[in-house]
Amino acid sequence: MTTAADFTETELVVCAAAKMLARSNTVFAGIGLPTLAVDLAHRTLNPDIQLVYESGVAGAHPESMAEGIADSVVVSGAEAVVNMHALFGYVLQGGNVDVGFLGAAQIDRFGSLNTTVIGDWESPKVRLPGSGGAADIMANAGEVFVILRRHDPAALPSELDFVTSASPVRAAEHPDFIQPRGFGVSTVITPLGILRRKDRLGELELTHVHPGVTSEQVQEQTGWDLAISDDLSVTQEPTGEEVRLLRDEIDTVRLYLR
Amino acid sequence: MTTAADFTETELVVCAAAKMLARSNTVFAGIGLPTLAVDLAHRTLNPDIQLVYESGVAGAHPESMAEGIADSVVVSGAEAVVNMHALFGYVLQGGNVDVGFLGAAQIDRFGSLNTTVIGDWESPKVRLPGSGGAADIMANAGEVFVILRRHDPAALPSELDFVTSASPVRAAEHPDFIQPRGFGVSTVITPLGILRRKDRLGELELTHVHPGVTSEQVQEQTGWDLAISDDLSVTQEPTGEEVRLLRDEIDTVRLYLR
Amino acid sequence: MDSDTVVSLPHAVEKLVNPGDTIALEGFSHLIPFAAGHEIIRQGITGLTFCRMTPDLLSDMMIAAGGVDRLVCSFFASGSAGSLYEVRRRIESQDPAPLPVEEYSHHAMTLRYHAGAARLPFAPISSFVGSDMPGINPDIRAVVDPYTGKKIYVVPPLNPDVTIIHAQRADRKGNVQIWGIAGVQQEAVYAADKVIVTVEEIVDDEVVRADPNRTLIPAHAVDAVCVVPTGAHPSYVQGSYDRDNAFYREWTPISQDPAELREWIDTHIRGTKDHEEYLDAIGRDRIAALRMAPRPSGSVDYGRRPDASTERSSR
Amino acid sequence: MDSDTVVSLPHAVEKLVNPGDTIALEGFSHLIPFAAGHEIIRQGITGLTFCRMTPDLLSDMMIAAGGVDRLVCSFFASGSAGSLYEVRRRIESQDPAPLPVEEYSHHAMTLRYHAGAARLPFAPISSFVGSDMPGINPDIRAVVDPYTGKKIYVVPPLNPDVTIIHAQRADRKGNVQIWGIAGVQQEAVYAADKVIVTVEEIVDDEVVRADPNRTLIPAHAVDAVCVVPTGAHPSYVQGSYDRDNAFYREWTPISQDPAELREWIDTHIRGTKDHEEYLDAIGRDRIAALRMAPRPSGSVDYGRRPDASTERSSR
């Protein structure tokens, strides 16, 4: 397992995500980097991993690169298609998703996410896509992986502009409610490093910095006093084989690898 | 339309039921006399009538006489098969059934039905089949038709041993609950005559006596002081054509016509 | 699921069904998992809470065999076989022992599986207002609708330890395809902790994947797939064999006589090693007579992107 | 349903969609009823409450055309087209007018249709504990679970005046068959007071009846079936034509420029008489290039009772 001669930041992130999927059975993901990570995990560490799409497709075998979770090539040749009521009710809320992948405009210290607005909901500066399935995935997936495109105090603020998908820490502030079954965010992969939560009611801590990044740099770009793991390490660089798989077999048309 | 030369009590009952289905679109029925009545209505008065079975089959076109609502011949060639969740939730509770047919061991003055026990539930004299879908049909079908095999004070008592399927009259005793959408029992056909309810919160009244039966006889065999309609009439006898259809086309093997 | 998913029925029952479990065997007249129920009887598993909307002959057998301590259902008769006499004896005269019963309507049982599958604490239902059923079942409760301030009944989730169903076919991973009456199978499967599916046949992955909408149960929900041809006898499998209506009619006198019923179980279930021997005991000619003539569904087109097949042929 | 069920799309919209109605046009990426939405724009129907889980280009068009007063949805972007700029302008800068929004999650919208279809007063959901969403949507409420004494959020039923979907095929009675991604179509249809289904083709009764499990929407739920080939463009129909991905990409600059967007609507929708003329405006070559290569589902066997076919041949 030799390190690749060259690799991009995107490849580093995808490979890091793939390594964390070694023991997950069912992954709920959107198209893009999460799908690449699942595909790579499938080809390297975890042949039994199964991808479930929000569109209701389970066990997709696309014959060409899918342009979305509901692309016709995702359906043709899939193992199953269920309706949204079964997907969100039975598959997801029923507890059959081990890992859910989510993106976010903002994440806080305990792994709550904002995908709704920047600014105030009544008069937003930027109207974001909203929940979609995110609030449902956060509450019900075994654990949640977040891939962030930015790592700065605006994306990791001390307080979110809006809590779309609440961490179990925030849910626990409402003890009169039945608590969500999910662990919440376990892993955040950013352009600077990897943050993880060890306890269901705990906070994120920095466990890995990417090659060439220091923990001080990460702290500086984070909007709260970021905890640093006792065994902080450097993110493992992609192997030559991983990069070959990504470029030559998984995303041959460079749709997502940039 | 000449009266049949001969007809059985069963044929009289089936023909009477068929005439009352002239303006119903969707009928929820079990196999047996209700199915014969729907089939006869379809061939005479109401070509658009559609039968829905508890098994989830809509628009069945059986190639041979079905031995139950879930017979394979009911499925082959049907227009639709839906699962029970859609059937009971969307088709029935959703308000898409105009008429539901129910049987009963006992019926009371306001059209509540007992299909659960004779005697006490904790130590029954006779354990009956229970609700099945009956409590659901009573609450949700537009109206309910009941065909009774017996007409005596035990089957039409002043008080039921157990209320399986409650009339809207009984539901109205619980005004703190959202009331069922259905009208409840509109029509009861017995071996002696026909009883109908005109108001959603009204009681059954005798509207027809079968040929040769007097209203006094019916009152005598009823466990409460039975109301008699002002325009009490004699049940119309089957026509020759109706009897021919029943015997020669609908139940050629005499599975239900006895 | 990995390839360990495909196992023998005795192995699956031994591994996944434990004494004291709550088990659901579902199938509404169609696809009733009789062979699996028989195997539970053979293995002498006791203390079971048996869940089944329409108990049917299968519960008469399982209850008579002594393994069932509690019945959860919504109907107490067999459509064409009439009364279930073992069930009636247990309830009417506690003979040979009382049988506690949790009683619902069909829609309520469906919603219990639905709530169980969706891991919801309850499901609302429009039925039961004015009925005596909530009075004899303390688990039928009421909540206040926050939009109207009025009450509505609710039923609790049903989460079996094990759900068992029968199906036409599956692939080796456990993607299960069913056509004909599908009942509550999807809900009952997702509601369960563990799932056994007996099938008429295992087919190639490509057969399943040619028609993904036909998959009622995706592989992630299935723990064991067992190949048990004619595993639904005396019920039927759409397109394969018809219901053994004569068997249902013959059941009434057997069920009426406790000694005869127990002898039937000893001979046909305990006295046979597995389902193949059971079919021998029933009679192969009788089984053969149940075969159906073909009536094909026709094919629909899922389409493929032109030239797509070459693009990723390595996969 | 009688034979009046099959009508032209302009006729169905004129008869069934009224100003001020709450309408749902559903289809999750697949089978989006674009042609029906365009016809609503052509007829200038206003004051609509528009319900659609994932608004997509269709809502950008319908909102820009001025007919929509209120949006009920769970996502405010198009998967591959990015932001919907008309929607953003309305919300971020009230340009040209404010747009009231009722905002849910995907599961919550699914459950609203489910509760609507089942005529339930509410549906419980495990999401939202700790989220700010109940704070900005007073219709997300809580009830106390009578089994645990703890609270759970609920959402209200959604009962559109009219639901419109697109499908591969139907028979003349209105039995609708769909394969591929089926989304929330069954729930949205049963939730509605009136239902319009546009289809690629009407097929013989026998085609539908050969495969009754393929019928997602039985005829009793359908008021109008309209034959509108390529009626889902620029979205796709599994097995028939692919998504016009280039169109989605081209939408972003159109949507970004309010004048260009309105001109596009004037040219392609208001400037065309019907969907056939719309397709001419898009370009027939472009449409033809979206055709898929075949990938058949294969056939399954429903079976028929031997000699049954002769017994009731009169029917």
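Just so it is clear, A, B, C and D label the chains in written order, and each chain counts residues from 1 on its own.
Note that in this section contacts are C-beta pairs under 8 Å (C-beta built on N, C-alpha and C of every residue); 3 or more make two chains touch, one makes a residue touch a chain.
Computed from a predicted structure; not experimentally measured.
Student: Counting one step per pair of touching chains, how far is chain D from chain C at the shortest?
Tutor: Minimal hop count between chain C and chain D: 1.
Student: Which chains sit in contact with both members of the pair chain B and chain D?
Tutor: Touching chain B and chain D alike, sorted by label: C.
Student: If you take the mean of the Cα atoms for each chain, which one ends up farthest from chain B?
Tutor: If we average the C-alpha coordinates per chain, A ends up farthest from chain B.
Student: Suppose each chain is reduced to the average of its Cα coordinates; what separation in Å results between chain B and chain C?
Tutor: Distance between chain centres, rounded to whole Å: 29 Å.
Student: In whole angstrom, what separates the CA-based centres of chain A and chain B?
Tutor: Chain A and chain B have C-alpha centres separated by 57 Å.
Student: With chain centres taken as the means of their Cα atoms, state the distance from chain A to chain C in Å.
Tutor: About 38 Å separates the centre of chain A from that of chain C.
Student: Could you say which residues in chain B touch two or more other chains, in rising order?
Tutor: Within chain B, residues 57, 72, 75-77, 81, 89, 93, 178, 181 contact more than one other chain.
Student: What are the residues of chain C that contact at least two other chains?
Tutor: Chain C, residues with two or more chain partners: 114, 119-121, 126, 142, 145, 148, 150, 152, 180, 182, 186-187, 210, 213, 238, 242, 292, 295, 302-305, 308.
Student: Touching pairs of chains, which are they?
Tutor: Those chain pairs which touch are A-C, A-D, B-C, B-D, C-D.
Student: Considering only the defined contacts, which chain D positions touch chain B in the complex?
Tutor: Per the touch definition, chain D meets chain B at residues 1-2, 114, 117-121, 171, 173, 175, 186-187, 190-191, 205, 208-210, 212-213, 215, 217-221, 302-305, 308-309, 311-312, 314-315.
Student: If we count contacts the way the header does, which residues on chain C are in touch with chain B in the complex?
Tutor: 28-30, 53-54, 73-77, 79-80, 87-88, 91-92, 103-108, 110-111, 114, 125-133, 136, 142, 145, 148, 150-153, 180-187, 236, 238, 242-243, 245, 292, 295
Student: Sort out for me which residues of chain B touch chain C in the complex.
Tutor: Those in contact with chain C are residues 31, 54-57, 67-72, 75-77, 81, 83-85, 88-89, 92-93, 112, 116, 121, 124-136, 138-140, 162-174, 176-181.
Student: Would you pull the chain D residues touching chain C in the complex into a rising list?
Tutor: Residues of chain D touching chain C: 119-124, 126, 141-148, 150, 152, 154, 156, 168, 177, 179-180, 182, 207, 210-211, 213-214, 238-240, 242, 291-306, 308.
Student: Can you tell me which positions in chain A touch chain C when the two form their complex?
Tutor: Going by the criterion above, the answer is residues 25-26, 48, 50, 52, 57-59, 61-65, 72-73, 75-82, 86, 89-91, 93-96, 140, 178, 181, 249, 252.
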